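Below are structures written as structure tokens.
Each of the next two complexes has subunit A plus one other chain: subunit B in the first, subunit C in the second.
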Partner chain A sequence: MQIKTDRDARLGYWLILPTVIAVSGLIFYPIVYNLWLSLQEVNMNPVQPNTFVGLKHFTDVLTDSDFWRSFKTSLIFTSTTVVGTTLLGLGTALLLNRDFPGRSVIRGVILLPYVTPVISAVFGWKYLFDPVFGMANYFLVDIIHLLPQHINWIESPAYAIYAVIIFNVWKNFPFAFLMILAELQSISANLYEAAEVDGASIWQQFRYITLPELKFVIGALVILRTIWNFYKFSEVYLLSSSVEVLPVYIYEKAFASYDFGQAAAISAILFVFVLGFIMFYVRKVLEW
Partner chain B sequence: MRKNRILTLILLTVLMLALTTGVFAKTTVEYWTTQTEENRVEVINSLIKEFEANHPAFEIELVTVQENDIPTKLVAGMAAGRLPEIVEMGSEVIMKMGAEGMVASDEVSTVINKIGKDDFFKGSLTMLSRPEEGYFGVPFHGWVQGIWYRQDLFEEKGLEPPTTWDNIIKAAEAFYKPDQQQYGIVIGTDKDAYARQTFTQYALSNNARIFDENGNIVFNSPEMVETLDYYSRLAEFTPPGPDGWRDARDLYLAGRVPMMMYSTYIMDDIGLEATGYKGEKGSIIPNLVDKTAFANKMHKTRDAVFGQINGLTFIKGNEDTQMDGAKMFAEFLLTGDNYIKFLHMAPGGMNPVRASIASDPQYQNNKVLEVWGEKAGEIAAGLNSIGKFGYVGGKVFPKIGDITSQFIVGQTIMKMTESGWTAEEAAEWGQKEMEDAVE
Partner chain C sequence: MVKQNTILKKVIFIILLFLLLSFVLMPFITMLSSSFKPDREQGAFPPTILPDDPTIAHYKGVLNPEIFPFLMYFKNSLIVAFLSAGIGVVISIFGSYSFARLEYTGRAVIQRGVLLVYMFGGVLLVIPLFQMVTKLGLFDTRTSLIITYIVQTLPVSLYMLGNYFRTIPESIEEAAIIDGCSRLEVIYRIVIPLSTPAIVSVFIYAFMIAWNEYLFASVFINSSSLRTLPIGLNQLFYTQHYIWGRMMAASILTAIPVIILFLSIERFITSGLTFGGVKE
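Now for the complex of A and B:
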């Protein structure tokens, strides 16, 4: 490749310079700084220097059973919420794609969980699942006697992961719903008419018309939600500190153990993992 | 000509404005407090306004920090090189900052001496000083923890007051009826500061320590294992799942537990109803003050009282003028009417550390304190004999801060209550985590 140096090209370089500065300042600098941190034993006192420790943090992290437990929790959380939000969004979109009175109102109401501020939703859920006064326990234990005794759904490490998953699905499915609904409305009615004439059942129409048309939007939703939820901190940590997904683990390494170097190393590992996943997914699943 | 004159006039005005703002530029003093409740912030803001009116050169910037977030905020502030001038925090946090060389110890001594060293309760000064290095914080206010219990229900069942291990667990078992959502006791069983605070009192009453006198970690001692074992057995009579301070408060006020561990801050809530509180009907048991008693001493092999002294301290490395403002503000907060106004934010909860204020009729003249009557005085007396994990035989171990910031005590308890570990396993785990933490 030859670098152009004529007047037009030089003007061109000047014109893209602001973008280059913005991108390197906002994206490359933090990444490089994080990588640099991951090789240091960071001293909390800004006056004293850091010590270079090479790849020690990486070997420490990869041999730490706590890390792998968090990794597993993160995988469970991400996979279930991605499937949950997508399926629930798809189902709701299919239902609300039909004509019925009050449809636009319902469509608006469905969006509520998504637009509610996280912290207010979290407090609502905390009361809903309160171990003593909560509606959930009252219904499950005292009314229908499904469970023998009240459970602390939100704080107990054994159950908190379910609460967090359900909460995340409830909070985020409207986004999937919105995207899928928009795509559904662009599918031509002619296709369904033709299929009906050919005698296709409802299932066959869904399987051979709706799904292929939705392939790309669902594919995009899955990849976006995976990235978002793999790094999800607020919705998990605010609802329950008992669910140690990786972002929470990093937070505690940095701010409770004051081990910034190791926290940076974990971030770097996550970065590589998610990048690998995205590349695989885009090539093999989406076939872009 | 005329144009020129107008121009000169404009220039002059601009210049004068610039000069005057330069002269009257206020020195900003940042003040961190752990009082986050809205009504307390209001009181503090009104005190700040009063201070600023009397000291126009200074501007106080209030930052509220949740107790559990202190370690995080301090680290972030340190890393960013942006720490406040004056902070109001618990004694362990202040001692840890002192050990790291962050505290302006001379300034602290100046303020203590100016207010009058002899007027401070001795116990409160000890918690904020190191024999060889002097004072790290000016004592500000304190609370005492213990078991608050329903005297009426205890008498009905013929139970002894919950002052010994046997009495406590016997009573907890007697009241535990989970199918009616009635539970025996609330103690801390979550990964938070509350769990460490409630556990400490059991440990100290059995002479179980985190540090020995040489600063070695002795969390796996037989005494500690015994305490952990007892604590997990007691936790069987608590409401489901990990419990925190909010559960203790809400469930006791609503009459779901007859016993719970809490600091003196509950006096305000319990006393509310008797002061003509017109809140939600049925949210508080009627006449709860008369039915409540407080066991602040616990006994197994020795008596133990637990509590906290909060202090004010100054951070090194700020400008001299800012330091002056911080010192003046600290003095202002600890003097006369201002101090009383501050303490009345949480009557009974915040106890004075100055003898002259404790006996001041104006301090005692408060609805909640009057409702509690003599009990209030007895409770405050506990302040002088507080024991803590970080203080052993007159020595202070600021390293406790590394252990508390990771909530290792709470996590150890959860290993037993949530994952079914034995006390020995949990103690070994805690020992290892603590050794790693103080490394």
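Now for the complex of A and C:
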């Protein structure tokens, strides 16, 4: 029996109203307002009026080498962490997709980085990366001799990006792991049994059964992680503010130099870039 | 031959598992151990894994309001996270019931509009929201943070609750309506009691997001007395009063509530979390 009345429809509107108000007032309106701000010289005092300057901020930003350096940092950071989190998540899921004692405990432990507050995790890693007594230097330099000397991971601009990438992969691979594991568990065991009867090697089973089944979830993970990491602020800024990805650049333009108009223009550019990426990816790579 | 092969496989498995767990746990082990190390042992080289001479002085320091207002920040985080999660849950119970059970024109459009929120990261919103918050006179108030966090968590809460509500047999609701219950009574008497685990999980998810948030809290709040934990801790690090052991103790105490909450809902989250079930 289908209950469908005018009264239900009216109630439906009332119940969704708070959501609609909140989302339009605090997400959609601000996005439009941000575009408006990007065309203004924004007064530091919010009560004072702004001056309209047209596309000045956009031409300034696009001809600023600092912006392009930051853009490049963002590209490096996002591409490496997307690959890193997805591959480590996949590897971990394949490793743990079997029965062994303590499996559910280990699964819970692996999720810890993902749920620990950024601020706590950041200090743990700062300690590990300490130039003098940190475990990272001790392991890489004094034990396995991979590097000739101790490195100031957090503060040196050349190395901080590595620290930030490692931290981001550590923090976010559990999400990929969880998604891929759930998908792996839904693949029917019959497929593997049949393949084994036909004499397929482990690699062939992975290539022709597992990977095709994972195509959708991996495609989704890549796009979500790309969006999230292009916008990632705290995980980068709190570990090392010398890694100037675009969100950090925007934050400092707005709240350290108080150049709100230009910061709004950079946000708009970042958004258009991410949007373009999503459209390209969905059409060409996922072929949806 | 076959047996040797399986033993080899087992050994490789254990080695890989060990490497993985070391990578995952190293920061936690370091934090825990140095939060119990006396100051002179902090800079020991090579670094010690277990403290030689454990002490709880750092925890005492963190909890002493004269040294560091940890408890005040903790309270502020608790208020903001509790209120935003509570209000958010109420809004999303209504919203997701509307999505899951009621039919009206425009429903699909609204649903897609809510999902669009995925494409707007916090950093795109922080400048316009800061301007709005200041113009509305909400700068340096908890309200500014609470309303921001509610909206940030709404899409996921709606998604998770909506999925759960759809698993409740519609016949139960219809029977109640035939018996004379109104839709609102159905929500209150049937849907909410049957969905308690989902509602608790959504509350905890929203609570965790608010507890961890740094970006908005760092620009909307100015007074020290309103700061949340992430801001307070980060500032402590850049003053001359920081010592590693105390930082670590504060970090552990900040993480513990969230980890406990997470472990309590892990089963639900990991089974109910399908594609799109979270937003960062």
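In this section, the second predicted complex is superposed on the first by the 259 of 288 C-alpha atoms of A that agree within 3 Å, B and C clash if a C-alpha of one lies under 4 Å from a C-alpha of the other, contacts with A are read in each partner's own complex, and residues count from 1 in each chain.
What we mean here is this: a contact is a pair of C-beta atoms (placed from the backbone, for glycine too) under 8 Å apart; a residue touches a chain by one contact, two chains touch by 3 or more.
The structure presented is a predicted model; accordingly, all values stated were derived computationally and were not measured.
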**Message:** By the touch definition at the top of the document, which applies to A:Ser156: first (subunit B), second (subunit C), both, or neither?
**Reply:** first
**Request:** On the superposed three-chain arrangement, identify whether subunit B or subunit C touches more subunit A residues.
**Result:** C
**Request:** Identify the partner contact of A:Phe255: answer first if only subunit B is touched, second if only subunit C is, both if each is, neither if none is.
**Result:** both
**Prompt:** Now for A:Gly276: first (subunit B), second (subunit C), both, or neither, which partner does it touch?
**Reply:** neither
**Prompt:** Now for A:Pro212: first (subunit B), second (subunit C), both, or neither, which partner does it touch?
**Reply:** neither
**Request:** Identify the partner contact of A:Val132: answer first if only subunit B is touched, second if only subunit C is, both if each is, neither if none is.
**Result:** both
**Request:** List the residues of subunit A that touch subunit B in one complex and subunit C in the other.
**Result:** 46, 132-133, 254-255, 260
**Request:** Mind listing the subunit A positions that touch subunit B in their complex?
**Result:** 44-46, 131-133, 149-159, 241-242, 252, 254-258, 260
**Message:** Help me check something: in the complex, which residues belonging to subunit C touch subunit A?
**Reply:** 13, 16-17, 20-21, 23-28, 30-31, 34, 42-47, 91-92, 94-95, 97-99, 102-105, 107, 110, 113-114, 117-132, 134-135, 147-148, 150-151, 154-155, 158, 174, 177, 183-184, 208, 211-215, 218-219, 229-230, 233-234, 237, 244, 247-248, 251-252, 254-255, 258-259, 262-263, 266, 270, 273-276, 278, 280
**Fill in**
So, in the complex, the side of subunit A touching subunit C is made of residues 1, 3-4, 7-13, 15-16, 18-20, 22-23, 26-31, 33-34, 37, 42, 46-47, 92, 95, 100, 106-113, 115-121, 123-125, 127-128, 132-135, 138, 142, 170, 175, 178-179, 182, 217, 220, 224, 227-228, 230-234, 237-238, 246-247, 250-251, 254-255, 260, 263-264, 267, 270-271, 274-275, 278
**Prompt:** Which residues of subunit B touch subunit A in their complex?
**Reply:** 71-72, 75-76, 78-79, 81, 100, 178-179, 181, 183, 190-191, 239-244, 247, 250-251, 256, 402, 405-407, 414, 418-419, 437
